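In the two complexes below, chain A is the common chain; its partner is chain B in one and chain C in the other.
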Partner chain A sequence: MTDKKEKKIWTRRDVLKASVGVAVASATPMFFMKDAWAEEAIGNYPVKGSTVKFGFNVPQTGAYADEGADELRGYKLAVEHLNNGGGMLETLKPSSLKGNGVLGKKVEYVTGDTQTNPDAARTSARRMIDRDGVIMWSGGSSSATAIAQQYLAQEKGVIFMSALTHSNDTTGKDKRRYGFRYFFNAHMTGKALAPVLSKAYGKDRRAFHLSADYSWGHTQFESMKDFTEKEGWTTVQNIMTPLKSTDFSAFLTAVLNSDADVLVLNHYGKNMVNSLSQAVSFGMRELQKNGKTMEIVIPLYSRLMAQGAGIDNVEGVYGTTSWTWKQKDAGSQVFTNAFTKVHGFPPSQAAHVAYCQTLLYANACEMAGTFYPPAVIKALEDFKFSGTGTGDTLYRGEDHQCMRDILVVQGNSKAKSSGKYDLLNIHATVKADAVAYPVSTFKGELGPYKPA
Partner chain B sequence: MVNSIFLQLLTGLQLGALYVLISLGLALIFGTLGVVNFAHGAMFMVAAYLGVVISQAEWGGWGVAIVLVPIILFALGLLMERGLIRFFYARPHTDQILVTFGLAIVLQETFKWYFGANNLPFATPDWGSGIMRLHDYLPFLEGFVAYPKWRLILTAVSLITVAGLFALLQFTTFGLVVRAGMRDSEMLRLLGVNISRRFAIVFALGVGIAGIAGVFGGPVTQVDPGIGMVFLVPSFLVVVIGGMGSLPGAVLASFLIGLAISFTATIPALANIIVYLIAIIILLFRPRGLMGQKGVME
Partner chain C sequence: MSSANSAFYKKDLLPVATFAVVLLTMPFWFKFIGGYSGLDTKIVIWIIFAIGFGILLGYMGFLSFGHAAFFGTSAYFTGLMLLHFSANILPAMVVGIISGIIMAFIIGFLTLKRTGIYFSILTLAFGEMLHSMVLSTLQDYTGGDNGLTGLPTPMLFGLKMQGDNVFYLTVIVAIVMYYIARRIIRSPFGLMLKAIKSNQVRLEYTGVNVARYKLLGFVISAVYASVAGSLMIVYEPYVASEFLSWHLSGHIVIMTVLGGVGTLFGPMLGAAFMLYFENVLSVTMGEQWLLILGAVFMLTVIFLPGGFVEGGSKIKKKLMGGDE
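Right, the complex of A and B next:
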């Protein structure tokens, strides 16, 4: 027996094994190779089984319940189209969606009730994450609930695709890496609406604001004040009204007693339905102030609200909206047709934003080739797309705010309306470039890709 | 200036009018039976729903609703007193609170289950819609001063109800017995008066007034399952501020609160707490409330 160093010799088998290994490695999708994304478990990733679960957390009670009900219809339709094809899957460009679920897994969903209350929204979202194992959840309305859920998203490492939230804070000071907003915001409303108002009502106007007392109402008032004052208007006063208010008579009396000749209702949902109806019942649309007819403005409009308030009350009233079923582009048409076929009436902007956000998330997963949240976030950031009814749209990477077209609308009249859903006329489509603003306009940091 | 003060006064009165209608029943029940009826808000909610349903029904209409809703609520009150509340007269206050609050929750959830959580639109009748041009009637007003007709009707109905109730208690034998019962029910029993039968009617009367509140207040407050709870706490405060069991006190406190809300509406920080602030100040200086009497509920 002699001691001798064993010499490593490549045998035929070794070469074969090595070449198989190399082949497997090279066939593996690139994302596995990115050393930045060592794919550890985050949130509810990895997804096990042949299905993947989404969560839809909407207000089923409270001031925004009507909007919540329509959001839910939009979500359900999105799941239907993701699993079986159809709808905007045909118009979204670029699209990686195949109509066979997401990454080959069928989409299932759970729903929750935010009660239009941030605490209830968080509790419901936590249940969806911890008990139901959702990989993504979406919902609104109310910016207060959206912001509360964004923070939870960041903490849990589960992506939140917000639906109806219009406060500047959502993608401003409270922006989060795990939160994304397709909807527009109060700043964009002010920028688009103020020039239209000064053209229609003149530059010498005095405005009284009634604003919902939470994040959205505050930023909506600030934005409307800034942009109307740039047009030469004077802000007489603003009253922050509690979200639970149903009787606005005391506030409306203050408006009557002021020298304001424009009433700006920074209200949404039932709040707006009540405040507008009551303002009209107080005779405010017949009133003469400062030698001018008193005007009412609703910065954030929706068809559901117009329906609740009644066509006579909204006739001629200006506002902005995200989307209406009357748009003629291909994306809007396929969505409206599919929705109407199921429900017998057209969708509102609430259903539209809910539908689009679900599709956009699913598409980002397909683009990334994984549900791994940091990779999906990267895929959504700076994603440019079209075919969803909002023109050429950019999911801005720095603040997760979509830069997209918005609509200035005016309440329709009974004589011109084609039916009970034909309540808003498109006054102008304001292009994304015209309402865009620098990221630095608002403070806030997105936070890390991986939750702490 | 005159217009401004007049409008704020009017708004204060119409806000108070609804509180009057709800808290009057509450004070009546508490004053006579000593029962803290936490289901009173729910009775208002039931009445508002009945108002919507009956006023919009093919067989109904607004006239039918105005007559029928208070009668149904009166019957409901009778049923409630005979079937539930009377078993709790001798029980501690906590038991009364638990059973009435429990009933309120059951009613609220039942209505939510049946009608849904969204609010039902409750339109005013044609004869009550639109504005009243007050400057045509009141020469001291300057220029154009208008107010919603329905809110003026609500205020008038509230005042008529108050007058009717006071007349009933002041000028009838029934009222005399009830008033005596409020002072000393034991003595009345010893005198051979069947006070419990009359108290059942008083309870039903209180609930019936909540019926008037529901049918006239519904179009102002909106109709949803939570509306009863919204009015419950302020109405209790009204009863406390007015003096436990004092009917004139409840009326006074209702209008006081309505006026306070109206005059502070432009100062949100104050408007949100004004009701509680008034309660604290009044109870600090008059622990029995505005018109509470010594020896009553003590």
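Right, the complex of A and C next:
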């Protein structure tokens, strides 16, 4: 009852106080959000608080789990260096990174499991975007997951820095404004590898392909076919093998029964470990066909896979790779040293691409002076840099594909290997100019800077 | 007319209104238990799916292991319509749902002659057939393992179907579908379904055309799956090949069993619990969450064969102090 009475009586002073209070309260957000007016909210921009969150979405289960684990190590190291300095922050040129976070905000991260499955990858990515409020996310492997996530990035207005994805489609027919690729692609592999193969094995070879049945396998097969046929090779047959296969003996029997004298394994991760091991146990490396010794080619190589297959199985086998810890340039050296110090073994190409993509995104934010996605995208487009172990590199603006050096490698032999991580020998470093291709090679549109 | 009305007030008003209020206010309370926007929509979509599955398993007594076939077919056709015809969701959803229904007639016609495990295996086989077709033979149209990408932002007469718009559309559909399900269960037709569950042969001897009722029950269940599949694409304009796989079929079975077979409420509860568990609780458990989910499922099946609903009524009985 007393309450009621007091509330009824409003003095002039109370009214004044209240109105001032209301005015201050309602003006406060405008004061703090002053900057937000110029650039409207897109995705999880503007970033609130003193930290900024990245998402790392990698396969923790499935055929590419080993690669995923190493990517995660690369990401964690990148966050460590962004916050505290060190690593490639010293070698990246030009660099705007200060080693105190990004734009003064400490970097935090969340992780997710893509299960090497596009749907799971999208679910996990959406969780990071909706629940955790990440400003950027990155991940791989498998091009199918990368492509699915790229479309999500465009819808949501959150930048996706893809890591392990080698399909031509990622920056070809499925390229997106919000997706960026530092890794190379199947087309570049074909262009770099085919001349080496024809020099080593001759121009009259007959090739049988086994390809993983999804985006990457398809484009990898097509690129290898195109470029080897230009060298004079004949393509006997291609079999698409399901990604989940572990037993390849039925497919390998078909190879044995054909008149092919080269086996091209367009496989990656555990697929490749299994198909190669089985091919070797079928005696394919000693087999004589058409008066020649049968050869095996692995277009996309990684140290982790060579490790899984065993050094005896990969000895002398040609392929391409993005990067190895044996490179002598300053950027590769600081990264390898920092990584080895933490984990006790050298990083793989998966860790390298994960690490570089995180740094490149952070650097673009510093260059743009904001996390506003369209500004960051513009900073990344046509960004020229060096010091990351891939020579003079260009983030091509028209398709978001990095034009960079790639390596043609050959499996090491036990006698020459310096240890259990010394599995690949660099046969040649193919310069960016030699593997570059016109944007018009592939169809596709990037889409708008602001999400629909 | 008036009798129908009074039946509504007596029997449906309270549950349907409660259901509506809980769902409509979800954006406000969901964040307090760790939820986030986007997940709420997904939960409601799965609730629709679960209602339909509950009708088939709980009332008609048929365990389908291939319900992904309807969810996925509808999703793919919705996606293809959005991609090639128009970004408007109405024609896309209509075509999607009709395609799911046609699929249900075909699969139902071929499988419903069998019961029990044979029926389950047959539906599983059909589901997996569709899944592998999408991945191999139909790759050029479905995008294969990449899924169907590049769909436009779904629109409803100039309204962008994103965020809250999708959520409220989904909730309205869910409320209507829930009400319809209640009416179906209470109708003479619903009684037939229950009769089929308890003794199909006896029912046949009384002169009832059981095959026709079974097919209709199966198709109704598939309609719910198709609606859910179609809404999934509106919610997230991307069709994953996963939508046709046995994973999804298995998921809905687990949800239904966990929540409680033989009720309408149980499967819905199971669906909400599973998604909440997968997306919110899993964070605190780290990598062990699948193991814990497995344990929860096992314990439920062993000690509470009637699912959460049975657990709830047991607790209620204890609290009320009533002993049987």
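Note that the second predicted complex is superposed on the first by the 414 of 452 C-alpha atoms of A that agree within 3 Å, B and C clash if a C-alpha of one lies under 4 Å from a C-alpha of the other, contacts with A are read in each partner's own complex, and residues count from 1 in each chain.
Quick note on the criterion: a residue touches a chain if its C-beta (ideal position, glycine included) is under 8 Å from a C-beta of that chain, and two chains touch if they have at least 3 such contacts.
Bear in mind that the values here come from a model prediction, so they are computed numbers and not experimental data.
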item: First (chain B), second (chain C), both or neither touched by A:D247; value: first
item: Which of chain B and chain C A:A65 touches, first, second, both or neither; value: first
item: Chain B versus chain C as contact partner of A:E155, first or second or both or neither; value: second
item: First, second, both or neither for A:D213, with chain B first and chain C second; value: both
item: Which superposed partner A:A120 touches (first chain B, second chain C, both, neither); value: second
item: First (chain B), second (chain C), both or neither touched by A:N274; value: first
item: Partner chain in contact with A:L256 - chain B first, chain C second, else both or neither; value: first
item: Doubly contacted chain A residues - partners chain C and chain B; value: 60, 213, 240, 242
item: Residues of chain C touching chain A in the complex; value: 36-39, 135-136, 144-147, 149-150, 152-153, 236-238, 240-243, 279, 287
item: Chain B residues touching chain A - in the complex, by the definition given at the top; value: 3-4, 7-8, 10-11, 14-15, 112, 117-119, 121, 129-131, 144, 146-148, 150-151, 220-222, 226-227, 230, 261-262, 265-266, 268, 271-272
item: Residue ranges of chain A touching chain B (in the complex, touch as defined); value: 60-62, 65-66, 69, 213, 237, 239-242, 244, 246-247, 249-251, 253-254, 256-257, 270, 274, 278, 281-283, 286-288, 308
item: Chain A to chain C touching residues, read off their complex; value: 60, 117-120, 122, 126-127, 130-131, 143-144, 147-148, 151-152, 155, 169, 174, 213-215, 240, 242-243, 452
